[in-house]
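Consider the two complexes below, in which chain A is the common component and chain B and chain C are the respective partners.
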Partner chain A sequence: MTYPQPSANEAVVDGRDSFRLLTQLVSPGDIYQSEQSGFAFALGPQSDLSRINVDYFDNNVAGSMQRVVLGTRTPYTGIIQARNETTYEAATNAGRPPVPGHILFSPANLVPKIVQSASQQVFAPVLDVIQYLQPPSGTLPQVRNDKDYFFNDFPTAGGAYSIFLPFYGRVFADIRFNTSAGGESARIRGYNYYSSSGAIITTLMAATALAGGPLQKLVRAPVDGFFDYIELTVSGGTGLAIQTFVRFSDIPQ
Partner chain B sequence: MAIPEASLQDAADNVFGDVYIHWLTGVFKTKTQQFCNNTLLELDTQLPLNMPLANWCAVLSAYNQQATEPALTRMQQDTFTELTRSLYRLLSLAAYAEAQSWITPAQATDILAAFNNAYA
Partner chain C sequence: MAPPKRTTMLSRVVSKIANPGRPMKAPDGGKVGMTTLGSRAVPQVPAAGDTISAGANRTQTYTYFTAITGTGADIPILYNGDRLWARVKLTLETAGPVVVGEKSQILPVTSGKGRQLPTGREVEYVISKGTKLYIASTTVNRVSVTIEPLAWLEQIFATLNRLAGGAVALATGKRS
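The block that comes next holds the complex of A and B.
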């Protein structure tokens, strides 16, 4: 969470018709607030998260909080007011200044612990949400942009190296490793997290030697399933450079 | 996974296992409200760097209040899962806030104590 966080107030002062909250998460617990009301809310085109919680003040329910979950095909149209003058009821009984009724944004997807090491690199997901400060004039976004990655090398050094890429809600992946004469092998697995690091792991491509030509794997949700993260692992060999291309899409191919 | 946890990061990593027994025995809701109240005592909503954690307390408290947990029986499993995920998020952010000095070491210690005391 970058701090101070991007503020919707600036967008209002500038007379813009929308506020875009675009940030890479720094922890699984990132949460952002808006002190401005909105006419509609939608996932932004660069979001890695496929679902984002919008929590807001509603004194008709216990705890005075209500939630809308934005999804890739489920933007929300309807006024949600920031009730900065009031406070969330559930958090006012502790003898401290209460929590103001701002609009809150947080990941609805479970984000795992983001751990980097000599043998792995975990890409933190990007949160991208658009808050419309005036009634939207056109159709709200229904799908995210395709996400492309290009890696020039896996620093295997004879061992194994893994890259974890956020895949939340995507329905298609095209993953290609170039050929290698160094004796490396590549493996692809899908992760569905149930805790900070615990996951149900599905092998999408067993360890396969990188020799004799480019190696391609297509992942299709109706066949392979949905995953939170995709893991690419290259192991063994002499450490020759292995260029890798990855494309994730919301659109079935 | 055993309480007392030694750090906020350990608490976040192990929260799913640590609180499960309290769901089984139908006291998760009470203990979660206790944790929220005691955590909020440590936070000052006048300070911007305390606000993200205070916001999580508001979220967790609100949906915990909305959850139904009949005496000595379990709340619905998906409700428990969602509340536990909010706990995980709060503790993960608390660990990050401690590392970034958004909160003082004393605040971090007290939030960890609130977790250990509530879910012991």
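The block that comes next holds the complex of A and C.
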């Protein structure tokens, strides 16, 4: 959870009609809060997560906490009021302090532990949610923006190097490797996490030699499936520059 | 020769009472005269003027930011009722909940003691002197406020008051 937390009250003071919570997650258990009521909630255009929990105060349910899950094509319209003057019911552990009845945002997708090392780089997913402080005047966003990554090189001097990119809910990926000469190989795999450190791994492209020139792989959800993360691994150790271009999209192509 | 008309002490006192506006001498043995004040049960309010001061005639417009009002805290006053008549227009620009009311205790916001402001719609109150408008919320909100005078109402009231006083004076032959 980033500190200080983005404050929805700043959006009110600044004269805006919506609050946008845009933050990179730090851990799988990140929870963000809003002290503002909202007329509608939607996934933001830069969200890596495909599903976000919105928890709010409701006396009709046990624990007084009701949940609605936002999706790429399922925004929520309807006023949700932040009950800052009250608290959610305390857990059975008597030592736990009561939680104020703010609106809470948290990832609904399973997020892995973000572990960086000399042989891998994990991109933490971005949480992007828009809270409308006034009734929205048009339709709410239904798809996320295409996400582009460009890597000028893979540091494979020490051996294989992997890059993990969030792919939650995307239906199309265009991945292109480009080298000036041969000697390196590239592999693409998809990860579906069942815990913060465990995943079911699917090979989308087995290790393929890069012979100089471009190498392209398209991933389509109806054929290849849905994945939480895409892993790109390059190995060879020749030190050649390997440029990689990646595009993830919510639009089938 | 007719005998002189005899008057009693009581008749002299009664003749004095017929003119309550004139100061009376204290009865024998007393040093404090009776007051000339009329009925003390009627509250005294300043008479409406037929000339309006610049201060009472001005319009105020601003954006009010509500703070989170805690339980037991003093409820902020949005309008203090200093004008004889005023038109107060409120527009909530964010999601609320914000309540307004004439009572000093309008929390909780869902209790019904105050009126919840709808978002994006102007709410208008015509408020007489002495009525305060309180505002409370459990979130930070923007409320656009416009306070306009009803000066013509005050002038009309003063003119009617003067006319009525003149009519009474004509009828009774006495100044009010």
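To be clear about the criterion, the second predicted complex is superposed on the first by the 241 of 253 C-alpha atoms of A that agree within 3 Å, B and C clash if a C-alpha of one lies under 4 Å from a C-alpha of the other, contacts with A are read in each partner's own complex, and residues count from 1 in each chain.
Just so we're on the same page, a residue touches a chain if its C-beta (ideal position, glycine included) is under 8 Å from a C-beta of that chain, and two chains touch if they have at least 3 such contacts.
Everything numeric in this text was worked out from a predicted model, so none of it was measured.
Annotation for the three-chain superposition on chain A: chain B and chain C fit side by side. By the touch criterion defined above, A:A173 lies against neither chain B nor chain C after alignment on the C-alpha atoms of chain A.
Of the two partner chains placed by the overlay, only chain B lies in contact with A:G29; chain C stays clear of it. By the touch criterion stated above, A:G15 is placed in contact with chain C alone, chain B being left untouched. Of the two partner chains placed around the shared chain by superposition, chain C is the only one that A:S37 touches, whereas chain B remains out of contact. When the two complexes are overlaid on their common chain A, residue A:I103 makes contact with neither chain B nor chain C.
Superposition on the shared chain A places chain B and chain C such that, viewed from the Cα centre of chain A, they span 80 degrees in steps of 10. By the touch criterion defined above, A:Q81 reaches chain C but does not reach chain B.
When the two complexes are overlaid on their common chain A, residue A:L49 makes contact with neither chain B nor chain C. After superposition on the shared chain, chain A has more residues touched by B, the comparison being chain B against chain C. Note on the superposed arrangement: chain B and chain C approach each other to a least C-alpha distance of 14 Å. With the contact threshold set out at the top, not one residue of chain A is in contact with chain B in one structure and with chain C in the other. The touching residues of chain C, counted against chain A in their complex, run 65, 68, 70-71, 93-97, 107-109, 119-120, 138-142.
Residue ranges of chain B in contact with chain A, taken from their complex: 12-13, 15-17, 36-38, 40-41, 43-46, 48-49, 51-52, 54-59, 61-66, 85, 88-96, 100, 102. Those residues of chain A that touch chain C in the complex are listed here as 9, 12-13, 15, 17, 35-39, 79, 81-85, 132-135. Interface of chain A with chain B (complex): residues 1, 3-4, 26-33, 55, 61-65, 67, 88-91, 93-100, 102, 104, 106-107, 110, 113, 194-198.
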